[in-house]
Amino acid sequence: MIAASAGNVVVWIVWVVAAFTCLGSAVAVVSFSNPFYSALALIGNLGSLAVLYLLLSAEFVAAAQVLVYAGAVVVMFLFVIAYVGPRRETPWSGGPGWQTIGAVAAAGALMVEIIVAIGMQASGSLSHETEVGTAFGTPAWIGRVFLVDHLLAFEITSVVLLIAAVGGVILGSHTKRATT
Amino acid sequence: MTGLTYGSWLCLLAPLAGTILILLGGSRIPRLAAAWIATTSVFVAFGGAVWAFFGVHSQHQGPELLPLTSQVTVPAHGEITTAWTWLQSGNFHVGLQLLVDPLSTVMMLIVSGVGGLIVLYSIGYMDGDEEERRYFAYIAFFVFSMLLLVEGGNLLMLLVGWGLVGLSSYLLIGFWHDRPSAVRAAKKAFVMNAFGDATMALAFFILIAHTNSLDFGVNFNAHLSGTATNFVALGLLGGAVAKSAQIPLQTWLPDAMEGPTPVSALIHAATMVTAGVYLIARTYPLFEHARTIQLIAAGAGALTLLVAGLIALVQTDIKRVIAYSTMSQIGYMFVGVGVGAYANGVFHLLTHAFFKALLFMTAGLVIHAVANEQDIRKLRGVGRLMPFTKWCFLVGALALVGIPPFSGFFSKDPIVASAAALGTWYGWIFWVCGVAGAFLTGLYTFRLWYLVFPGEPSPFVREHYHDHHGREGAWTMLVPVGILAVLATFAGWLQWTPRWDPFTRWLAPAAPSLAAAVPTDTQEYFTSVAVVIAGLAGLVLAWAIYSERRIAIPAAPFWRRLFEEKFYFDWLYDRIFYEPAVATAAFLRREFEEPVVLQTGPDVGNTTLATGSLVRRLQTGLLRTYVLFLAAGAAIVVLAFLIAR
Amino acid sequence: MSASGLTSILIWLPIAGAFGIWLLPLSRYATGSLALLLSLAEVGFWIEQATRFDFSRSGLQMSEQANWFGDLGVSYHVGVYGFSVWLVGLTVVVMAACIGYGFWVGRDRTRAYFGLMLLLTGATVGVFESQDLLLFYAFFEAMLIPLYVLIGVWGGARRMEATIKFVIYTMAGSLIMLAAIVSYGLKAGTFDLVDGPTSASRWLFLGFMLAFVIKAPLFPFHGWLPDAYREAPPEVAAVLSGVIAKAGLYGMLRIAITKFPDPTSFYRTTVLALAAAALVYGSLLAFRAPDFRGVVAYSSLAQSGLIALGLFAGTDLGFDGAVLQMVAHGLVSASLFLLAGVVERRTTTGEFRLLGGMARGRPALATLLMTVGVISLAVPGSSMFAGEFLILAGVFQRAWFWAVIGAAGILLAAMYMLRLISAVLHEARGSTVTDEALDLRPGELALIVPLVGVLLALSVWPAGISHHSFTPDSPTAAVRTGFK
Amino acid sequence: MSGPDVAWYLALAAVLFGIGALGVLIRRNTLVVLLSLELMLNAGNLALIALSRHFHNGAGQIFALAVMAVAASEVCVGLGLVVALNRRNLSLDVDTLSELRG
Amino acid sequence: MSLNTPHIDWFGLSPVLTLIGASFFALLCAVLVPRALRRVASASISVVGFAAGIVLAVWLYVDSANGHTIAAGAFYRDRWTALGQIILCAVGLATTLLAVEHLPGWGRDADPGRRDDHVSEFFALLLASAAGMAFFVGAANLMVLFLSLEWFSIALYVMCAIDYDLEGSLEAGLKYLVVGSFGAATLLFGSALVYGATGKISFSGIATAIGSEGVTSDAFVVTGIALIVAGLGFKMSAAPFHMWTPDVYEGAPTTVTAWMSSATKVAALLLTFRLMTTAFPHNQHLWGWAFAIIATISLAIGNFAALVQRNVKRILAYSAIAQAGFMLIGLSTGSPLGARALMYYLIPYSAAAFGSFAIVAARERELGVPVTLDNLAGFGWERPFLGVAMWFFVFGFAGLPLGGGFVGKFYVFAAAYDHGWVWLVIVGVLATLVSLYYYLAIVRAMYMRPGAELQLHPDAGVAVTGGAPARESLLHVAVGAAFVVSFGSLFAVEPLIDLAQHAASTLPF
């Protein structure tokens, strides 16, 4: 696919840019010593993912990504970070030595194994590409799928969110704290 | 059921009843009551024995010497009664049986008769002991066991009686249980007898394995190979020598003198120790089938009668001297039954019961009168104060030495003669031993006599002698002694083999003497002369040494020491058996049980716990470690799947 | 009630009683007497069972079967054979005596104590009566639970190690047995002991045997024994050696030998060797043991060895003798441990060097200890003698030297028992033997005399058991046919 | 329009997943740990969406949307915990939270 | 535009819906009911909810002889689900009884003004998590699986941390959250891969896809399965994914621990069994072995680590890991017998697990400090009923015939042997042997140490009489129920096995 037809060079360029942004920001999230920057980096990561979603013709998800994540979640993060104040901490430090080594080994192993698996499949079940219609990924289509095929999932999601909200309230409630 | 059956059961159960009565009575009945219960029960037993005797007698046809049969059949002149099946498994079964035949009736009479006299004697002897009741319970129980032994209608019942007499002997030897020496002696006696029981049991196992039965009626030899028979005989012999204190299992008897004197008289002279003789006579077919073993028995007897005689020479304890003489006399009996002259052996058993009991009881009188002193060196001249005792003892002594017309003469000489009758080299060896034994008997017996009875009473005696209301002892003690003195004198006249032999004929149906062991008259006379001369020689020598001091006691330190150490048997057995056993036990306990067996469990446990604390260390409490494990686990599973797919 | 009902009643009456006692808030005295009453009722029911049992018929009698879980062929199946009847009898009698003893000495935490004793009774009876492998296993394990607490709570100073050791040891065996049971049962399609086929698998045989040799125990699997017997309260030790150990031997007879004929003959020599080792080794150690209980403990090791000899002799006499011996020794060791307890209560110790001279002035104690002692050293004519005679005669038919070793063991038995008797009763009075150490009280007599009485009765008629365990066919035949 | 085929997206997702995992494993600051968890979930999302397109069925996208909600909830609770910890003046360094161990 | 929304079998979902409903009402109590009444009100709502849940689940069990999926293939309505829901609701009911008397911060050192904080929310969360689990066991596709997993997980995170005055509680919550989310992410990625291999997310669809396209050994499938195994293994706290368990169980309020230790396992194991047998029957040679190995590791680690613990909650936590190992033995066989074994095992297990933690809770409330083997001394004599119950529970765990655990072990061993895995039986046997030590240690601590020597218990007086303090009557009821179940299941094996058999009958074998 390096010998890509001229038609999708653009797509390729976009993809590469997005991919590298994604990875770069991810690395940044993990490696910034200041959680505040990490959170900002996450925004970049999410944005680049949104772009990739667009390439995958999942407009609605891309939109949701930007709104829900970049919009809500990260902002929540930023608030909390601001609340607890900046706590700098250097990565790769602390804990027993074998912890770090093990960490790299385990994470790396997982990654490599999955990539290997993908490599094995690249020629297999993944090779045949299905051309998708224009309706694919549009909000309307999503809505239909949501309400017809996966109604239950939809409902569950709401319950989960509710529970989380309750939990947040319980844990975050300032009222009547014990004298510590 | 005929008279003899009733008689036999009455004879057996009366003493048992006595025991139980005394036990149940406990401390609620007065001491004398216990004593008289025991005595009566034994005399009742004697009555039963007499009843049985006449029962058998009525059936007893004239004297026929049965041809040598190689099997024990239920005798024509007696019968077996079964109370119930005592032990049964598969098609092996043993009944609680009694056998009444000439042999057993003789034994019953001896046991219950002499026993009765001795129990009567005990009344006086034990008077004042604080545990009298226990004593009489024990002694009645002994009589029961002994009767079970002689009446037992099959080998297992015989063994039961055999073991029970061992038990009661243990109880009586250790009667004064706060004396460590007594307890030790009792244990020794029991364990040695248990050894005999074990060998007998093994012999029985062979019989069971081959014939699946232990009845006298079975023709064992038909089923047994020569070797098997030899082993059976050997096993039985082991029991016999243990019980009868013959070499090599003789060492317990002298120590057994720790018991009260009547006990020594009853158990270790008159009855129990002669059980070995009875056993061989009872199972003679097996022995005759294993002739070698039978001759070994005779050899053991011959050896014992010499060794015991020699040891007796240096003993200083009055009872021990008599004890060794007992061993030696039983040696004679073994020679008798060993060569095959069962009647002679049993006859000597009979007379010996009388005169040996007599000797012990007179000794008992002395001991009782002189503050329980048993050392003959202190007792010099006691005869002056106790004439009756003195003369009775003399009777016993003469009977023992075998001076005519006392009973020993009639019973001892035929044994030696039958040894000669064999005509073989070993026959003659037995003969020589017999004669030599007679000489020793004379020597040690009259050594005892001259040391104790004649002459001026020693100051010790004068000081400690106290009579019993002007008599030498309670009448309960004197009467039996008198009776036995009479018996010891005349019992022998019952038969004089060259001329008349009703006793042999009486026994013939039960234990017909081996034809080869029936001496010719010449042999008889010749032997008698030899034995009597030997006996007199010993007597004279003793007179010369201990009375007249004509001859100094030969100073042979080595021999003296050898005799005093009883030929080192005890020493040897300690080294060979007891100490190794103790050492092994201690070693196992120290080196194996504690470090290995008991420690293995805890060790494993601790190892496990150590592993536990290792695993525990993984639990660092660090969140990241936990995640790491999760991730690593996932990675490994994925890898495994990718490989194994 | 129906004859078969008896079988279940014997199991469940005490268990129900246990729960009853735990639930009812009764006073100390009431609890004790209720427990004693129940145990005596057990004896009564057993007598009923024994009288109703038809000894002339072969095969299982008074059996009851109910579904437990059918998909694996496991059922609640109980019933008795001749020998089970005797072992059940042994159990109920000994338990009654021991409960009585507990009552007499007034154990604290009354309700817990008596509940557990009753639970133990039920479980043990269950072991002897259950005819389903899993049921057997359940009861086999259930015995442990009360024992654990009984030793652990009412035991001596070092009770903790003792209990842990005891439980872990025995469980190690029985869990392996569980594995064996699973595999046997699934292979056979049923866990029923009566219908179950015989198996030729040596592994399974070993799996079962391991449990039994530890429980019995045989040399060298007796690591738990000395501590448990020393630390347990005397009446519990009595139960341990008198009854519980017999469960292991019963297992050998009922399962290992019956269900695995080929492995049995394959490993016969091995087991006989272990048994002989146990006999001699136990006797030797008993001979040097420094205290009352030590002697009895190691002597029961020796006795287990002897009984195993009889079982694995594989001869008529061996089997009959073994059953007889199980009962006889059960009673003997129970009585001995109770006597040990009695002595310890008076002198606060079982150490020989502190004891002695108790015979003087204590006729009852002396007589009883003497009687039990001489019976236990198998003086001819005693029930123990009958048992040992049969066993050795039986094993002699297998090979002569086993019998010789056995005879040697008997000789040693005489030595250690006499040592015990004289160390406690005779010679100089021990430093701990005061005048306050009275003779047996009526209560104690009432506990021990019956046991001794039964022993004497057995001595008068040992055939009563030896010939009424496998009848009518010869034991070997019965075992070969799996008691059909 | 065509582009890099799904394998590339998946590979990207895998790498993202790995980076996220690494973040969780090596960072001690609770907040960053939470952020890294977000990365991992997003990796899952990316894969789902790529495959959803590949198979041309909506399940993947729905799944992804649901996951977003879930992620949001997790963050919500997680941040709640952070606040609570902070209020008790406890360090946010996860390594110091090892009162429970052994 | 018209949406022909799928027909929803509301009855099939009724237990879940009931629980959610109850949860909402409980939540409303937090705002509508005056503080004084909240505890009572929300507790009673919870009781009603769980009771109704049980009733409906039973009804479902009776009514769904032939299982099928509902709500567009998202949820299974069959007896496996129903039976699982019954167990869950029962445990939930018991937990409610236990929780009524639960005081934040163990009451004593928490200031009395706050003892009723969040009590309604607590019950709401309890019900919500129960609903999540009830949904989880019935999940029919990967999405529902993931979502319901998160559903009850999040609820549990909060419940763990709800005693936020105690550092331990917060720590437990955080640890659980992070590890849990990591596991969830793993699970998610695994699902994605499976989806990638088959294009399906419904279990049956996946199975057919794998079967038809013959992609059994497809790299995506196996990798996906592996990641899913890891994700679920975490939930059932099987080694090596177990590390969070001891800490969380110890740190969380004991009430919550009791709930988690029994309910979570039920849900996770039942779902896993269904997932594996329904979606990946063709890969049993992989996951079967995987679970066998995991079982072995769990048995080893759980038992060994438990040996050296002093804190009773930790001991029980490790024992929970080991127990998971036993149940995984049944699971790993993937056979009908294994299904029966698992289902049966869960019943006495959940009862005993709940009960034992409940008893620990009782002791905690009595002493006001964490319960260790040392301060458990004399407990058995002071609180006879609880003592005996604990005795039965732990011996049941140990596989002694004092509870269904005995038969359960027997069953899983049978399953393993039936599957030809003798080695697994041996492993199980040895593990049991090791486990004895600490189970016995608990009983030893309760009965064989004189309680007098530590002057901890304020109310030893009530002990001797055998009567328990009245204030804990509900706790006693709960323990009693658990006791009845765990002991009764030893005798009522046949009926329970029948239930399990029918439940398993709808699984494709």
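Think of it as A, B, C, D and E in the order they're written, each chain with its own count starting at 1.
One rule holds for everything that comes next: a residue touches a chain if its C-beta (ideal position, glycine included) is under 8 Å from a C-beta of that chain, and two chains touch if they have at least 3 such contacts.
Given the structure is predicted, the values throughout are model-derived calculations rather than measurements.
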Ignoring chain E, partition the remaining chains into groups joined by touching, separated by vertical bars. one piece
Between B-E and B-C, flag the pair that has more C-beta pairs in contact. B-C
Closest to the centroid of all CA atoms, by its own CA mean, is chain C
In terms of mean CA position, the chain most removed from chain B is A
Cα-centroid distance, chain A relative to chain C, in whole angstrom: 71
For chain D and chain E, let me know how many angstrom lie between their CA-based centres, rounded off. 26
Hey, how far is the Cα centre of chain C from the one of chain E, in Å? 43
Interchain centroid distance [CA atoms averaged], chain C/chain D, Å: 65
Would you pick out the residues of chain D that each touch at least 2 other chains? 6, 10, 17, 20-21, 24-26, 28, 33-34, 54-55, 59, 62-63, 66, 70, 73-74, 77, 80-81, 84, 88, 94-95, 97-102
Which parts of chain C, given as residue numbers and ranges, touch two or more other chains? 164, 168
So which bits of chain A are touching at least two other chains? 95, 99, 102-103, 106-107, 110, 113-114, 116-118, 121, 126, 149-150, 153, 156-157, 160, 163-164, 167, 169-171, 180
Contact pairs between chains, per stated definition: A-B, A-D, A-E, B-C, B-D, B-E, C-E, D-E
Sites on chain D touched by chain A in the complex: 1-12, 14-23, 25-29, 31-32, 34-36, 38-39, 42, 45-46, 49-50, 52-56, 58-59, 61-66, 68-77, 79-84, 86-89, 91-93, 95
Complex contact set, residues of chain C against chain E: 22, 25, 67-72, 74, 109, 112, 134, 138-139, 141-142, 144-145, 148-149, 152-153, 159-160, 163-164, 167-168, 171-172, 175-176, 178-179, 182-183, 185-186
Complex contacts: residues of chain A adjacent to chain E: 113-114, 116-118, 120-121, 124-126, 140, 144, 147-153, 156-157, 159-160, 163-164, 166-167, 169-171, 173, 176, 178-180
Touching residues on chain D, where the partner in the complex is chain B: 21, 24-26, 28, 33, 94-95, 97-102
State the interface residues of chain E toward chain D in the complex, per the touch definition above. 142-143, 146-147, 150, 154, 157-158, 161, 164-165, 167-168, 170-175, 177-178, 181-182, 184-185, 188-189, 191-193, 195-196, 199-201, 246-248, 250-251, 309, 314
